[in-house]
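In order of appearance the chains are A, B, C and D, and numbering begins at 1 in each one.
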Amino acid sequence: MPTDKKMLQDRLATIEGHIKGIRKMVDDSAYCVDVLKQTFAVERALQRFESELLKGHLATCVPAGFKEGRNAAMIGELTELFELSRK
Amino acid sequence: MPTDKKMLQDRLATIEGHIKGIRKMVDDSAYCVDVLKQTFAVERALQRFESELLKGHLATCVPAGFKEGRNAAMIGELTELFELSRK
Amino acid sequence: MPTDKKMLQDRLATIEGHIKGIRKMVDDSAYCVDVLKQTFAVERALQRFESELLKGHLATCVPAGFKEGRNAAMIGELTELFELSRK
Amino acid sequence: MPTDKKMLQDRLATIEGHIKGIRKMVDDSAYCVDVLKQTFAVERALQRFESELLKGHLATCVPAGFKEGRNAAMIGELTELFELSRK
């Protein structure tokens, strides 16, 4: 994991806090639309987290993998990630 | 919030647990690809949560809002939700 | 279809022209990355078209449907559209 | 472009025909919901086209690029494609 670990940890801590806040909203029977706006915001935060992680992966693990001749593994993983990211 | 509250609470609890698991993976410097697969799974779980919430909203709050003459508010909210869901 | 028909027709004509351009690129064996950038642009153009159409639907057909008591049909359609838009 | 060109051409021809059909629906003032279902279907067809193209790119152009030492270009393009695919 070549991406700045502290930054990833901070982002996940924020996302977890966001989820806790949404749980509180549901406990308090908040208006559906307000809850949905918050879950959409969490999705966007997750996507920014994924972009950071992927950039690090492409910049570090992928070239290293090609150097070591593990081309098929690298390509198979990237294809799978691309498919999963659009589900 | 007309959707089954217990079900929504259970789903959010599961999502929060999933995020905690991903934080542990990052602490342990797990392989990027394995972390990404987990965050994609959380996004899909959030989307299923949102579908349930939206179904309840469309089936209950929206018809009630129209009955009370709050058409503009209902329509504005739905347009906004649709835009946000695709960001 | 309450949305400005001329505007919708113009947008679709542009999208069709864009697709024709991509076909030409493939015929000419263009670089994959350049082709992909163009198809992503077409997807975004389709999404803007859909937003316009949906806004008109929410502002006109949906309130009319509720007024006529066709609540179940309106709600079922909106739920389906939301699901399809995220596939 | 290492992906089977004939297959890509056939898919784009089908997508163009699909767009023409949607233009006809708009000319005929079809119901918004029916038009939206068709544009969502076109988006899915574009996404399947993109998956094929990307698989070919990852399997052929990317390893070739790394072999030739164009790592930075390959990585920059993949990062950009990933970002664009989620817009």
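Note that contacts are C-beta pairs under 8 Å (C-beta built on N, C-alpha and C of every residue); 3 or more make two chains touch, one makes a residue touch a chain.
No experiment lies behind these values; they were computed from the predicted model shown.
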{"item": "Smallest count of steps, each to a touching chain, taking chain B to chain D", "value": "2"}
{"item": "Chain whose average C-alpha position is farthest from chain A's own", "value": "C"}
{"item": "Interchain centroid distance [CA atoms averaged], chain A/chain B, Å", "value": "16"}
{"item": "Chain A and chain C, separation of their C-alpha mean positions in angstrom", "value": "28"}
{"item": "Approximate Å spacing (C-alpha centroids) for the pair chain B, chain C", "value": "23"}
{"item": "Residues within chain C bordering two or more other chains", "value": "47, 54, 85"}
{"item": "Chain-level touch network, classified as line, ring, star, complete or other", "value": "ring"}
{"item": "Residues of chain D that touch chain A when the two form their complex", "value": "47, 51, 54-55, 58-59, 62-63, 66-67, 71, 75, 78-79, 82-83, 85-86"}
{"item": "Residue ranges of chain C touching chain D (in the complex, touch as defined)", "value": "1-3, 5, 8-9, 12-13, 15-16, 19-20, 22-23, 26-27, 29-33, 35-37, 39-40, 42-44, 46-47, 49-50, 53-54, 56-57, 61, 77, 80-81, 84-85, 87"}
